[in-house]
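Next, two complexes with subunit A in common: one pairs it with subunit B, the other with subunit C.
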Partner chain A sequence: MAKVHVQDLTKEYGSLVATDNVSLDIGDGELVVLVGPSGCGKTTTLRSIAGLETPTSGSITFDDVDITDKSPQDRDISMVFQDLALYPHMTAKENIAFPLRAEDGHSESEIDSAVNDIAEVADCDEFLDKKITSLSGGQQQRVALARALVRRPEVFLMDEPFSDLDELLKRQLRAEVVRLQHEFGVTMVHVTHDQEEAMTMGDKLVVMNDGNVAQFGDPDEVFSEPQSLFVAMFIGSPQINRFDCHLSWDGDTAVLDDGEVTFEVDGPLVDALQMARGDEITACVRPQLLNWSDDGSGGDFAVPVTVDVVEKIGTEDVVRCQTPNGHEVTAEVATGVLDEGMEGYLTFTAESLHLFDGHDDDAERLN
Partner chain B sequence: MSSDTSGFQWFGRGFVALYALFVAFPLYWTLNTALKPLNYIGTFPPTLYPRGFTLDSIVWVLTNSRAVNAITNSLIIASGTTILSVILGALAGYAFSRFASRIDPGGHVSFWLLSTRMFPPIAVVLPIFFIYGQLGLQDTLLGLILLYLTFNLPLTTWLMRDFFDKIPVSFEEAAYVDGYSRFETFRKVVFPLVRPGLVATMMLAWVFAWNEFLFAWIITGNNTSTITTIIPTLIESNQIQWNRIMAMAVVVAIPPTLILIAFRDNIIEGMTLGMTDI
Partner chain C sequence: MSTIKEDLRRRLPVVDRFADRDLAPYLLVGPTIVTVFLITIGPMLWSLWLSFNRWAPASIAHQTPSFNGGANYAWLFSQGRFWNSVANFAYYGGVGVMLQVGLGLFLALALYNYVDNKGIRIAMLTLFAVPMMIAPLVVGRIWQLLFLPGGGTVNGILGMLGFSAVPWLQSRWLGLTAIMIADTWQWVGLPLLIIYGGRASISDTLYEAARVDGASRWMQFRRITLPQLRNLIAIAFLLRFMDAYKFFDKLFIMTNGGPGTQTELPTYFTYLVGFSQFNIGRAAALTWVIGLGSVIAMLLFWRSMNTEEMA
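This part shows the complex of A and B:
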């Protein structure tokens, strides 16, 4: 097991910058998830850790040993690829044994028992003798996991292998991976574009955008205190509500006006707003923290809306509403309370407000 | 619905049977003629069976020194050019498949390679004849091996590139991560997966060299006649030795047929690029 440290990693393909000075500190035995939209540099970062890409500049260390220029063979890592990379000309068993056969000095019986042990742990012992092509998607995933873990690597890497699976199987395997990771205590880096997967699996999240680390922190922190507007918009489902406001001052009261709704802010948030560099402020609030109110009371702020669509998701409803001017606001409320066409207010408290300095993705958090 | 399907199937089978007959009849007629004595070949009406059955012409092919030499030469030339073109083509194909962005940005090199197959070969017969005269390669086995190599190499390179393209790069990367060197990875992962394609490519290269007539006719002389250049010499000024021509055809058709039978699964898989396993 190893600590992984990435320092100022930059990878350029010609004029295209895939990662731009990415730095990460991954603790021993941690499960870190790199998450972000396509092309954000998460896979490049992972492949650099694996040694499959040579960084343009920057360094990578495992346990303070610089491995930047080492080939993948010499890194003691294992990786599950997006397409799994299981070999069709071998059985499941041969695939799992494959990493062990790369090392000298294992007897056949050692390999055999190691394969059987890991197959039992990864729950794929029932189809060890089958060809890869005759296995289902979920079974293949389990074989790929077993192959990656059989050698007890220092660092375990996964490049969104679950993206092709159906939802239920995906959830099962996520839980399985987390269980295995805890059981082996292995340091793990997982890449996904699915923010929900990232939230449920990671000890730490690395939210990436445009080759940069937008935020590095534990899932709760990333969710409740997004450091930039991009993170706020990317993490969380349903997506955070956003009001692009203009800031003006009325004495000590800050007035945020998005052209339709105004929020008069006083109290502790005023200090934050005074730090703003300009008068463009984005105010965001999570759908989970909105409450329905018929008359606009019961919160610090209220937005008048009409219920547009009600999506049932079980114990709660996702309610898509519109302000009179057509700005969409989404709320998550107890099920059965609201019906399409109802008019009223969505209210929220000052504490649930996220303020960002500008309207761009990289606008920084103010409060 | 089911009657439609079976009707279509019957039609399909009938068509295939008809086509098989169409293809097989000339082959049968070759054999039929090879087994007749010369004086029965031109009789009218012709007989569907070898009238006056004799193995004389087959025996001639297998014992006449010119014929035997030609077969030996063809075997050497075809095998030599196949080995070279498959080894070089596989290496080049691998490079074009894996390092295209570095060695062939825009695909111009590989297209140029293919374009050498686009003009009629007869256009270069004369220049090649003179160049070979200068280099002393006329009427040598090596000359023909090299010549066929130049024709086969674009084909083998392109085919092998396609076969390598079918193997995801991640297959190799996974092996690197697991600790295998590039060479070991090629041996344990890439080669087993590309083998059907390799066999199909070998066969195509071999058959091309085995069957080639035009250049062999121009380049070779008495020392290195090939099977294809022996056959026209059996057309003599006063008679055409149909039985020997056909016997020669029968004998030289045997090696490709055996190859086809031995590797038919690989060849079908390779020809259709149908590496469905992956």
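This part shows the complex of A and C:
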């Protein structure tokens, strides 16, 4: 177990900047998830922590010891790779024993009992003697987990290992990993492009975009107070609703106009809007915070819509609506309330509005 | 099916008689089977039969084959010259092939791991492949000249380095070793290319995983590279062993079996018995002994490969 500190990590491949001054502070025993779209630098950051990439500049410390120039062998880490990287010519048991054999001074019986213990914990004791190639995807995942945990490393790294699995197995294994991480109290860094996985697993999220850290915080905070338009758009499912507005003032009232819908804003949000650098404002609202109203009453703001598609997801319906001009607005409402073709309003309160200073990904939060 | 049968029936009335028993397919593959029998299996069985006959067409007494039991076999097992050639083969085929495959493995991994420049790497691979395109006789002649005891390049270089001249090609083991060096120079490219290709196809993440797991370079080689390359190394070994087994040309050029009969290999000895002394019966017996020996060697080889797989 160790605190991991990443300071100003920059990695360049020729003219391509994979990570640009990334800094992270990961506490002892924390499960931190690096999340972002392909090419955002999350895997590069993870591989730098593993020692598989040499940073162009910046430093990495474990418990205040600088390990930037140490080889992976000298870092006391373990890692589950995206393709698992199990040794195909060995049995499950030999795979799990491999990290122990790499260390000096373990007797055969020590190795044996350590492998059996971890195999029981990771639920792979039933196929220990099988060749890797004869195991199913889920079984291979368990072997990879056991191999990574058998040495009880300081830092445990995972690079999207679940991306090839079916949904049910994915959920199962996520829960399992979180359980093991708690049980072992190991510091863990997990990489995924799946925001839902990030939300469900992480103690802390690091949302990355274009080689930069867009936001670092706990899942609730990232969800309810996204610090940039990119984070707002990336985190949350269904995706947040967005209105690219033009800001004008009518006395003390701010008027946000996206060309079709107008929001007249007063009260505390006005202070926020006064901070804006220009008159380009993006207003966002989560689908979960929209309510249906036949006459437009019942909220601070109302958007006139027609219900286009209703997607059943169980206890709730995801309802894709369109404004008269064809702007899509998504709402998540109680199941069975809305039908395709219905006309009405989606309303929401001023508190649920997120305001961003501009229309670009890096537009900062105003309120 | 039926159209073929009807067609045959129309053209060949004899087919009619077999038609009910569906002999048409057999008739169709028949010519091939007969041909194969005539050019491979037949002569093979004939040579087996000959190995139990006295037949020396150039002599007056044994112009035609006459059955003589196991006399040919008894003769060859009593020949010091035969056992000498077997011992030579053990050295040449054992040490020589291992040297070629071992060197090929070393060079392939060194090229893959330590030569970063892709252009240089490809140039090196090509250079190692070029000697394989030269006729073995030419390679033999070149190396014979290089190994000339006086005035040869090899001894010239050794002399410059302060060593005394080595009587290459003039004694049994030095002669075999010189031939081995020439053959290795020509053929090391084959195991090299096979193993290089194999190494290039091992996923890099296996090595990354091994590094993260704490494995030293030696452990990576021992526990990942070698097992992953095992089958390819075995194939390279087999191919070179097959060549060593029928090895003839460089021996013929460089030492001609000499001095005396000291550097003869079994196939060379067989050639002399068959086509110099024209003792066909004895040559046939020799061929069968060598052939069975190689089959047994291969079976043992595969068995050891497979037991390792189980373990």
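Basically, the second predicted complex is superposed on the first by the 367 of 367 C-alpha atoms of A that agree within 3 Å, B and C clash if a C-alpha of one lies under 4 Å from a C-alpha of the other, contacts with A are read in each partner's own complex, and residues count from 1 in each chain.
The rule we apply is simple: a residue touches a chain if its C-beta (ideal position, glycine included) is under 8 Å from a C-beta of that chain, and two chains touch if they have at least 3 such contacts.
Please read all numbers here as calculations on a predicted model, not as lab measurements.
Superposition of the two structures on subunit A shows subunit C clashing with subunit B.
In the overlay built on the shared chain, the residue A:S71 is in contact with subunit B and with subunit C.
By the touch criterion defined above, A:T133 reaches subunit B but does not reach subunit C. By the touch criterion stated above, A:L31 is placed in contact with neither subunit B nor subunit C.
Once the two complexes are laid over each other on the shared chain, residue contacts for A:L355 go to neither subunit B nor subunit C. In the superposed pair of complexes, A:H89 makes contact with subunit B and with subunit C alike.
With both structures placed on the common chain, the touch criterion links A:F98 to subunit B and to subunit C. Touching of subunit A by both subunit B and subunit C, each in its own complex, is seen for residues 50-52, 71-73, 77-79, 81-83, 85, 87-89, 98-99, 102-103, 147, 151.
By the touch criterion stated above, subunit B contacts subunit A in their complex at residues 168, 170-171, 173-181, 184, 189, 192-193, 277-278. Interface residues of subunit C facing subunit A in the complex, by the touch rule stated above, are 203, 205-206, 208-216, 219, 223-224, 227-228, 230. Looking at the complex, you find that subunit A touches subunit B at residues 50-52, 71-73, 75, 77-79, 81-83, 85, 87-89, 98-99, 102-103, 133, 147, 151. Residues 50-52, 71-73, 77-79, 81-83, 85-90, 98-99, 101-103, 147, 151, 157 of subunit A are the ones touching subunit C in the complex.
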